[in-house]
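Comments concern the structure below.
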Amino acid sequence: MALINYRKAINDALAEEIMRDENVFIIGEEVAEYNGAYKVTEGLWKRFGDKRLVDAPISEAGFIGLGVGASMLGLRPVIELMFWSFAFVAYDQIVNNAGCVRYMSGGLINCPIVIRGPANGGTNVGATHSHTPENILANVPGVKVVAPATAYDAKGLMKSAIRDNDPVFVMENTLLYGEQWEVPEEEYLIPLGSADVKREGTDISLIAHGRSVLIALAAADILAAEHNINAEVVDLRSIRPLDEDAIVQSVRKTHRAVLVDENKPFCGVSAQIASMLQEKAFDDLDAPIGRVNTLDAPAIYSPPVEKLQLPNAQRVVSKALTVCA
Amino acid sequence: MALINYRKAINDALAEEIMRDENVFIIGEEVAEYNGAYKVTEGLWKRFGDKRLVDAPISEAGFIGLGVGASMLGLRPVIELMFWSFAFVAYDQIVNNAGCVRYMSGGLINCPIVIRGPANGGTNVGATHSHTPENILANVPGVKVVAPATAYDAKGLMKSAIRDNDPVFVMENTLLYGEQWEVPEEEYLIPLGSADVKREGTDISLIAHGRSVLIALAAADILAAEHNINAEVVDLRSIRPLDEDAIVQSVRKTHRAVLVDENKPFCGVSAQIASMLQEKAFDDLDAPIGRVNTLDAPAIYSPPVEKLQLPNAQRVVSKALTVCA
Amino acid sequence: MQSVADSPTSAAAEINRNLTAEQKIAFLRDMFRIRRFEQVALKCYNQGKMGGFLHLYIGQESVAVGTISLLGENDHVITAYRDHGHALAVGMSMNECMAELFGKATGCSKGKGGSMHFFAPDKNYWGGHGIVAGQTPLGLGLAYALKYKGLRGCCLCYMGDGAVNQGVFHESLNIASLWDIPVIYIIENNQYSMGTSLERSSAFKNSLSERAEGYNIAWDSFNGEDIYEIRAKTQIAVDRAHNESRPSVLEIATYRYYGHSVADANAKKYRSAQEIEDYKTNHDPLRIWQKTLIEEGVIDEATAHQLDLDAKHEADEAVKFAEESPFPTEADIFKDVYYEVDNETGSGKRGKHFFND
Amino acid sequence: MQSVADSPTSAAAEINRNLTAEQKIAFLRDMFRIRRFEQVALKCYNQGKMGGFLHLYIGQESVAVGTISLLGENDHVITAYRDHGHALAVGMSMNECMAELFGKATGCSKGKGGSMHFFAPDKNYWGGHGIVAGQTPLGLGLAYALKYKGLRGCCLCYMGDGAVNQGVFHESLNIASLWDIPVIYIIENNQYSMGTSLERSSAFKNSLSERAEGYNIAWDSFNGEDIYEIRAKTQIAVDRAHNESRPSVLEIATYRYYGHSVADANAKKYRSAQEIEDYKTNHDPLRIWQKTLIEEGVIDEATAHQLDLDAKHEADEAVKFAEESPFPTEADIFKDVYYEVDNETGSGKRGKHFFND
């Protein structure tokens, strides 16, 4: 298998789906001629032209609404948000139009739209540019949210997202775009709603999504090497639909859990998982579930301090040690 | 004490604060000449005139942003959203400008703005008009969120909100506007961050906010009358800051909890409370914490069916029975 | 307001000259149907048979009927929450509409949408949207899709005079012009947004539609009480969309007789009784059209009256249909949320979609 | 682009005629300071001494310096993320600005804001805002507050040419006109929003500022390479704000020499090398102003050069200051979130504000 990076994996997924289905097209700021602010769409405009790659003005509400309308008539728009943080100027279009139009029409209208882009902190771009809205979006019944942690998952989930007939929001990560993983040459899909055990273990479950999975894996290495604790790492991959079975199964085995999650803590994804686990695995839990989130303040700019604000392996290890104590 | 309704209690709070501080003024759609879509500002325009009561065009992002800007210069705007659901067209202004400007300026700028309006389902106005965004707003460090359940609390919290030097979002409820409670004549404040035990009990804690508190109280009556279960009802009142001590204390006493909450379940406020409780009261809990939320779909229009979709006393009772079983 | 009903130019416009008597009568019938449907719905609302809002279109019927009469196979329609008129004008049945108001499973949206959310994609009708101006980029997207697919069509996107002050409308205008999208924004200027008069909500020089100028979009502003006028002026925009793939903004002066919604307790406070009366007497689109047809000898008083009676009867029957229809069940709450779940696809069956337990 | 540098009319405008030599020299000094500050910052950025974005203002200096030179005690300033120029022009020190870029606790925003978020409320400077057009209603609000308090002032709200397509700007324009708010929107039209040229992002007839017409707002569009021109034209808007409490929209043609941000790898792809060169050679606001002052006999070549050297020196010193300053601590993360917590008020001490454990 070839080693390719997360950016290229997404780029390939987009190219393959554009070729596969004439209704697939990409709209966003700087996605065409400029090749994407983070180069995720590199080369696609050259290959597929103006119809399939469309540079938009800085009007997120306008072009996301446009995408919703176009999807109602059968197109399959893939909208790039330069940052998911910019979703907030388009929030009504996302929640009320993409999220509710099927329901309000009694199922007469489908909205096969994909909105994708990076949703992460860690690049010192400050409070307004570092939001991770997967929790608040997954709050909305009617939408789907995925957060791939590897190039392999990113490609497979992106292709499923584009083929899905419901609105799917893909949370990428600028810190992962350059990271490499093995990705098969042959076509594959990863279904929404299926978690992935990224590391088998017996003593504690580290449950995470997005880049936090890599932090959990690093923490698992430290726990194994330094503390003789064999941690299992469960990657949610998909936030909504959620593979609850996989999560519960892991905790039934390990009896302990730490949830790692870049959301701000109040009502973060890990709050939902903790809440679910205490209900469904109450008798299996030997200790309270621990959570590791971004420290609860707006994203600080200062580069060395922002590092401390985000979840990191050391904090996961400490929390795991408390939970295992 | 006089019996006054929730609407009037808020109206009084607004009037008192307008008189107390020349920097307090109200902006919103139809708040002045029309007396408010839900008549919360009734009579205020006549009493206080054009400067203090300002009718706005249908430009929520514009006038909320205006309010944030004006608050930076020392005014204390109280913004009415006709429905909190309309916050979604102004979400960026709320989260990024009201929520982050103090932080990004290193504390140089304050934003003493209040945004208020109803946030509830149950009036058959459909999916787009029935959002309850207290969970997703409380996710944002930098803002404060309160949800009064009674006229007494509404008045006291509103006055505190207006005097607070941080952005405070007040979640009202159209179904409560006409309901009456005892409210003292003399001035009083209810501090943010303090929960209220609305009913003492020993067997289970029903923890709720907003109108769900009344549902919890009704359920407590049924539990007492029909099941010999003595439920305690804790009203959060304030979502952020949150009175965790009061919650934990109640559960330490009763050892069981059901959380009632009109949010959609995924990452609802009750998910955060459950997550917190399983961590802080792990050894005190004799059973998994139960949650009762709005059934997880966009708000249905059909009047009799929407009733079923919202939390109701019967569902709380069933859940409590399971938890107590 | 001056009456334009007997403006000779618009009656003589090609698009009107070729109308058959049948077609002209159909416009009258359609307007009666809207009015009667809503009058009956209002009665039922006041009897407590429905919930939520009920925004009546009465007084504005000519706008929906006149503009929609111009549309062909690839032309589409989307509007705001004041949507009954457009729904009936595109050919939806009173039964499905009334049942929707009653919250019944037989409603056009299965009782899930209510008054603000009527839909009929099979009739190129995309709703019915409750968030002010929220539909404006959707209309743009529908028109975008037509162009993408190489179809010669357009999308009529209706909105109120208050809706022009939502930012997303402006974003949509810029994109429409920049990308040559065949969308036609129709501002139904009934002079009020809830209790706020046009002058208190919008800054403008001569008209709201003039804002289009800044985007290099063609615009027009005209009176909506006469169907000939509406058709003549709107056809220019439809041609522009069909032939040049260019957008337009049309501001059509009209008036609503009732309050903003039935819940609008102030309906008579922010405007004078005379103002309302003047519209009803001198500018009512039904009266004006009926008079025109009688003068043209296309119809007589009695036949017109019969059309009205038929409409009333149809509305009454629709109430019966609605009353006899079942409500959705509790289980129905979870249908129509996700396509993949409803259709039991692999995607719909994997993972948890609903978080009730 | 034609040079307007020697337009006699604007030099002769009253607001310029009364300028002292000192004032004129100060404008040159201020422009050198901006340019040198940023050149040094760029070097440090490339050495990895800061993170995030760095949007350079170089090429546009005359706009901030010229417009801000007109302001008095009750006039306020707010801008977007390309904010270094405005910050220095209002009188912020290089030290606090450089330290902010370095993420230091001594930065103007204590290292919490970074390049996009410089603030100095004591100098009537309200930032520094990263969300495109997000500052436009804030500027409106500042001006609203001035009017509310009965102060004779205005707010200059700067934005880019790409920012005009965010809906909230239009909402702000409508409100500004409707309520007579003394806000002046200054579109710094540097012809690109990231890699997208004006023509590919905005539909317009003659100019972007013309969109103001639809809101009945006075507007102007002019060249920004000459400080006299900027001051003459902007003063009209300031007078309008001060005397009539009416808003204005000014579009000022300008150019940025560097990429959108330092991270803009394509900086030289979407525009030609000649285009950039032409601006640097023929339209550079520093050169033009220096030439003007020399021609007027206000300054000589050597003194001008010394101003430049001083600016460079000041910037180098600022780097030293920044480097020697401490970073915020981990505990500082939780400061400046809530006023009430920071000030240990009753409200700040009750209930949990931070949910870390």
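Here the chain labels run A, B, C and D in written order, and each chain numbers its own residues starting at 1.
Convention: contacts are C-beta pairs under 8 Å (C-beta built on N, C-alpha and C of every residue); 3 or more make two chains touch, one makes a residue touch a chain.
Since the structure is predicted, the reported quantities are computational estimates derived from the model, not experimental observations.
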Contact-richer chain pair (by C-beta pairs counted) among B-D and A-D: B-D
Furthest chain, CA centroid comparison against chain A: C
Length of the line joining the C-alpha centres of chain A and chain C, rounded to whole Å: 40
Chain A and chain D: spacing of chain centres that average the CA atoms, whole Å: 36
Between chain A and chain B, centroid-to-centroid distance (C-alpha), Å: 30
Touching two or more other chains - residues of chain B: 57, 59, 61-62, 85, 88-89, 92, 96, 103-104, 126-128, 141-142, 240, 264-266, 272, 296-298, 300-301
Touching two or more other chains - residue numbers and ranges from chain D: 109, 111-113, 117, 129-131, 134, 165-168, 171, 174, 178, 200-202, 337, 354-355
Residues of chain C defined as touching chain B within the complex: 50-53, 100, 103-104, 109, 111-114, 116-117, 129-134, 162-163, 165-168, 193-196, 200-202, 266, 269-270, 327-330, 332-334, 337, 354-356
Complex contact set, residues of chain D against chain B: 76, 78, 107-113, 117, 119-121, 126-131, 134, 136-146, 148-149, 167-168, 171-172, 174-175, 178-179, 335-340, 342-343, 345-347, 350-355
Residues of chain C defined as touching chain D within the complex: 165-171, 173-174, 177-178, 200-205, 210-217
Complex contact set, residues of chain A against chain D: 29-30, 33-35, 37, 55, 57-59, 61-62, 85-86, 88-89, 123-129, 264-266, 293, 295-298, 300-306, 308-309
Touch list for chain B against partner chain D, complex: 25, 51, 54, 56-57, 59, 61-75, 92-93, 96-97, 101-110, 112, 141-142, 144, 160, 164-166, 191-194, 238, 240-244, 272, 276
